[in-house]
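Before any comments, here is the structure.
Labels for the chains are A, B, C, D and E, by order of writing; each one numbers its residues from 1.
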Amino acid sequence: RWRGSIYKLLYREFLIFVGLYFIISVTYSSGPIYFYLLFLLGFYVTLVVSRWWAQYESIPWLDRLMCLVSSNVHGTDERGRMIRRTLMRYASISGVLILRSISTAVYKRFPTLQHVVNAGFMTPSERMKFDAISSPHNKFWIPCVWFANLAVTARTEGRIRDSVVLTLILKELNSLRTQCGRLFGYDWISIPLVYTQVVTVAVYSFFLACLIGRQFLDPEKGYPGHELDLYVPVFTLLQFFFYAGWLKVAEQLINPFGQDDDDFETNWLIDRNFQVSLLAVDEMHQNLPPLEKDIYWN
Amino acid sequence: RWRGSIYKLLYREFLIFVGLYFIISVTYSSGPIYFYLLFLLGFYVTLVVSRWWAQYESIPWLDRLMCLVSSNVHGTDERGRMIRRTLMRYASISGVLILRSISTAVYKRFPTLQHVVNAGFMTPSERMKFDAISSPHNKFWIPCVWFANLAVTARTEGRIRDSVVLTLILKELNSLRTQCGRLFGYDWISIPLVYTQVVTVAVYSFFLACLIGRQFLDPEKGYPGHELDLYVPVFTLLQFFFYAGWLKVAEQLINPFGQDDDDFETNWLIDRNFQVSLLAVDEMHQNLPPLEKDIYWN
Amino acid sequence: RWRGSIYKLLYREFLIFVGLYFIISVTYSSGPIYFYLLFLLGFYVTLVVSRWWAQYESIPWLDRLMCLVSSNVHGTDERGRMIRRTLMRYASISGVLILRSISTAVYKRFPTLQHVVNAGFMTPSERMKFDAISSPHNKFWIPCVWFANLAVTARTEGRIRDSVVLTLILKELNSLRTQCGRLFGYDWISIPLVYTQVVTVAVYSFFLACLIGRQFLDPEKGYPGHELDLYVPVFTLLQFFFYAGWLKVAEQLINPFGQDDDDFETNWLIDRNFQVSLLAVDEMHQNLPPLEKDIYWN
Amino acid sequence: RWRGSIYKLLYREFLIFVGLYFIISVTYSSGPIYFYLLFLLGFYVTLVVSRWWAQYESIPWLDRLMCLVSSNVHGTDERGRMIRRTLMRYASISGVLILRSISTAVYKRFPTLQHVVNAGFMTPSERMKFDAISSPHNKFWIPCVWFANLAVTARTEGRIRDSVVLTLILKELNSLRTQCGRLFGYDWISIPLVYTQVVTVAVYSFFLACLIGRQFLDPEKGYPGHELDLYVPVFTLLQFFFYAGWLKVAEQLINPFGQDDDDFETNWLIDRNFQVSLLAVDEMHQNLPPLEKDIYWN
Amino acid sequence: RWRGSIYKLLYREFLIFVGLYFIISVTYSSGPIYFYLLFLLGFYVTLVVSRWWAQYESIPWLDRLMCLVSSNVHGTDERGRMIRRTLMRYASISGVLILRSISTAVYKRFPTLQHVVNAGFMTPSERMKFDAISSPHNKFWIPCVWFANLAVTARTEGRIRDSVVLTLILKELNSLRTQCGRLFGYDWISIPLVYTQVVTVAVYSFFLACLIGRQFLDPEKGYPGHELDLYVPVFTLLQFFFYAGWLKVAEQLINPFGQDDDDFETNWLIDRNFQVSLLAVDEMHQNLPPLEKDIYWN
């Protein structure tokens, strides 16, 4: 990409500088390049690691919500069960939709909305309703609105006892919504391309320059410290290993929603959340072990 | 600007030091300048990046508010619809007004309040009311006060069922207000001019000094490590590329509300928020898909 | 100050070391001093900048509170207006009192409590009540207690409809109180004197050592890299400029409540908050633009 | 492990580079390796320390919850006592279950669920219920759902006076749940293996290279600064001590839930929480010291 | 201490390395030691400073709680006054107890519980009740449980109007409890001993090595940059001053609850909180200045 890239930003200054430089023909040592790389990598990796963890913390878990729905949406009849299950499904759909749009692993699993329906997250009639709402933007917010409206319906029917409990559930939903929004934000506004390009170009051009540039050095001159490396370039190899290794750390973490070994297992998470939350709101609703005196009673 | 700039702060010490120095005529090597640049750039870029992301996180999204308004402001009659739409419009106006005052892209789109009216965010009578409130300060808080008063009116009319729900909505409004205030703060209190000036002057003077100063070096002397660069100044060019590239990262991020390729797409965001929130509170109000048993029912 | 200063902490070790050293008479190069300065300045400036911004974020704004008071403290009669205005004045006084005790600019404007009265923030009878409460400690918390009691009175009179709304207002007051407490804390517990002294002494002694020490160097010896600087000490001047500039950044930010160009404009803020909040709770109370259909109605 | 390790990620680039390098046979100095280690260690240790403290802050304490249960779940009869004790036991079980899955010390103490029952945290009938819920995932969330349902039961029986108090208790439970979830997250998503491997390999290969590589240096040549170390390698020993010491800091903190001297004493914490919370909700329920005038009464 | 110290962790590797090293007898320069110190100190001081400020922010202030108690616990009769005063005393006792266990200054003032009684924080009958609760753990949580129970009693008596207000007070108490718990945590889990030892040993061994090692250097050889220092070791002295100064910063901040000049004045704080909170809840309860029109009324 030319737009927004470092090449576009710098090419004018670069050309001027190159011109001036070839005229003046001044040379300089390459030593500080090392330190440059170290600093650049250090600050860059720190930034990437903090974003990586913030992304993990933004993944929506349904446990808090399911505790509230399980205990506060009353009714052991069929409609009661249906409302509880539907509420949790709506919350799950929001998570699936946002993860579909940022994670390649989830997208592969659900390439179309029909796959979401087939996997049981959505019913066909919900899908129709969903498609009927025309908006050019990402529609992950729709199930949230449904959730809120259904919760209020349950309140009107008396299944949620009063507004205090209702607001607790709505607040919890809103914090799920905020997490989804954060995931969207981390995907939408990535680390500026310029930064990543500077780091990558710096590391690779350093290696290239090493490989090419060394041929100009005359080993006969015996620069101090170069004796050992002449026979076995052990330090240079180590250096390559470490610089490239640090860069790989950043490359792995910069998009943790891919399909690599170290990426977050989002598909597992979606299934775990869906399964556990249905269990909690359905089977476990008002299904308590008998109250007993514990062994330290007196 | 002379006031608050580094020139004003330092010129006296500078002159004294220059005077003393020319008398003593002591020379020193230029090596540490490199490291100085690295440190300065590293800490400065880190600061800029953290402010940049904090600014992104301060942009108000209306999704949380619209869930609450959609589900809790009752009434499918015309007045009910009008109240819900007006509430969301008020929240939108606050966002537009604050973004107008900090983002050149949004300001270009809405150079006057009339443009806000024409775009449908404000009605003409609202504009009259708005103009009637005379205050020399930024008036982005006015729609927030309207919102709060209108919400209480809806509560009095019984369209918001009780105070618990009302406070939930008012809290949500207040966190939008806080986000607007943060955006205002990032714009009002920028990174101290001195800091930015030191960094910029450091980088550019370094390049200037390189270009000029090299002519005093006699390439015949064969300083170690300078052989290669005599013919192809590849390392110096790379260095230029990296230092300037890092500085460009900071320059791009320091004001993310401009019109560059990498800036936040605030105009898109305003439209998205407005469109989606009207959709959520109007068409989707109590318009739920039918409750059905999901495929894992038993 | 001797107490708590670095001189007191270190003089014994210092004397011992000086003694040993003059006996052994070993010399060492001055190169690493550069790096020392860089590190020290880098970490110190980062600390100062983060405190500086945290102080900005602790300045109390009244916008959130005024939205709540404007919409939820009912009554368009004189007493209703008076209660709303008085509540906002109480919140303002707390801000003025805490800013008076930390900001020289605000202190100059309000050298005595009488000036606060004259400026209209306090009534004379409030001042009498205020003076009657004898406490040796900063009394900025008194208007907060008044606010809470007045809000409860309004609740008892039915002007605040119910306790839910009352608690929302009290919470908001408490977060203002927390911000005031933070400002107090940043003023009370400054960055340890030792840290600031080490940094300042380091930078200035470095320059002094440069000026004095250079006379011992014999320019005839032609140390590598010193040729250029002999004629024009351009790098040393730049170095001075950058080190001192970075230190100035810290010095400017370490107390942002002074009267310098770059300090926070606290007096403007006090006036803005007072004026805007009275406007919001009085003129704008239940004074809404007419509800209309917006241009996207259907 | 081959999957996800740095060896897998880099072996191709490594082989290419090695090949090229042996052909070109260029040597280079080993100096910058030092700095590389410093940077790498500095950033890595900072990351590890911040995770270590975040893990401490995620350990669930029951004090906040027990204050609420003690004062707000009424009834001095046997059933009242049983409900309060059972609520606190449920909260304790959640903590025990999550700590069992991340801490080797706690796992050793409770290798099976039966040990949890024997220690009095769980009753046998609760264990049966627990086992009856079949889920392939970690089941630490089950007691949370029980807690929520039991709290609602207490509300229905009138032992919790109203929904406002109920929501306060449920919110508190949810923040315990969040803490458990964070502990789970820190265990599940560890610092990327690549990062840890790069750091460890860097430090140890540095020492190995030192030991082997030095034999190629001819001490007769008298490189500057090497005189002293020839007789007593004091600086090299110190260096070893410091580099390895810093690495040990990271190794100790990277998993603070082990059985080392410096690890968190999780078993003590579990007992303390259980004992104190039963005390607070049972003996201390509505068991207040008599109200008296304090010595500053007038 | 041998357990958990760096000596225990490293002695095996150390001995092996020493053995190998004396056999191979390879020397190396001492230069990088400088940088090592800089890095180590920089990262360590940053960690210490952030913990130091977090500890300040964890000190409990009673201002927020006293506003709520003053305005919401009704009754101007003796029992009402007594309840309000007792509530604030309970909150004070919790603070005193936790500070006693972490601050030497507070411990000196209150060596036994009887001193707390004598100072008027506790009544004798409260002390009896306190002692009657047998627990091997720190008992600072007991007054919190009393507070919660007393607040509920006040609610039952109608002195706290409804549960909404009650929960606000209980939440505030819980955040005080959290602050106390954080103070406890910072005291219990200190910075790992290994880290502190590495830093301290590094700095002091550096100075020792300087003093001893220099005697092997032959000043006749005239290493570049050593001319000046031969006569006046000004740079070395400055270096000592700065390294040791930076370490002292860390040593001062690592335990801010001692009796040094720069430590937090916890005893003053305890008195201030106790005095101010009694004033606020007793004399100032519903004791407002008369409502008046302010000078900007129209």
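Note that contacts are C-beta pairs under 8 Å (C-beta built on N, C-alpha and C of every residue); 3 or more make two chains touch, one makes a residue touch a chain.
These numbers come from a predicted model, not from an experiment.
Looking at chain B and chain D, the chains that touch each of them are A. Counting hops only between chains that touch, chain A reaches chain E in a minimum of 2. Graph distance from chain C to chain E, where chains that touch are one step apart, equals 1. For the pair chain B and chain C, the fraction of shared interface numbers is less than half, so the two copies use mostly different residues to meet. To fit its Cα atoms onto chain E, chain B must turn through 145 degrees, a value rounded to the nearest 5.
One finds 22 Å separating the Cα centroids of chain D and chain E. We define each chain's centre as the mean of its Cα atoms; on that basis chain C and chain D are separated by 36 Å. Residue numbers of chain B whose C-beta contacts span two or more other chains: 31, 35, 39, 42, 46, 162, 164, 167, 217, 223.
Viewed as a contact network, the protein chains form a single closed ring in which every chain touches exactly two others. All the chains close into one ring, and from chain A toward chain D their sequence is A, D, E, C, B.
Touching chain A in their complex are the following residues of chain B: 31, 34-35, 38-39, 41-42, 45-46, 49, 53, 56-57, 61, 63-64, 66-68, 70-72, 161-162, 164-165, 167-168, 172, 207, 210-211, 214-215, 217, 219, 223-231, 233-246, 248-249, 252-253, 260-262, 264, 272, 275-276, 279-280, 283-297. Of all the residues in chain D, the ones that touch chain A in their complex are 3-4, 6, 9-10, 13-14, 17-18, 20-22, 24-33, 35-36, 39-40, 42-43, 46-47, 79, 82-83, 85-86, 89, 120, 123, 125-126, 128-130, 133, 135, 137, 141-142, 144-153, 162-164, 166-167, 170-171, 173-174, 177-178, 181, 185, 189, 192-195, 197-198, 201-202, 205-206, 209, 213, 216-218, 223, 278.
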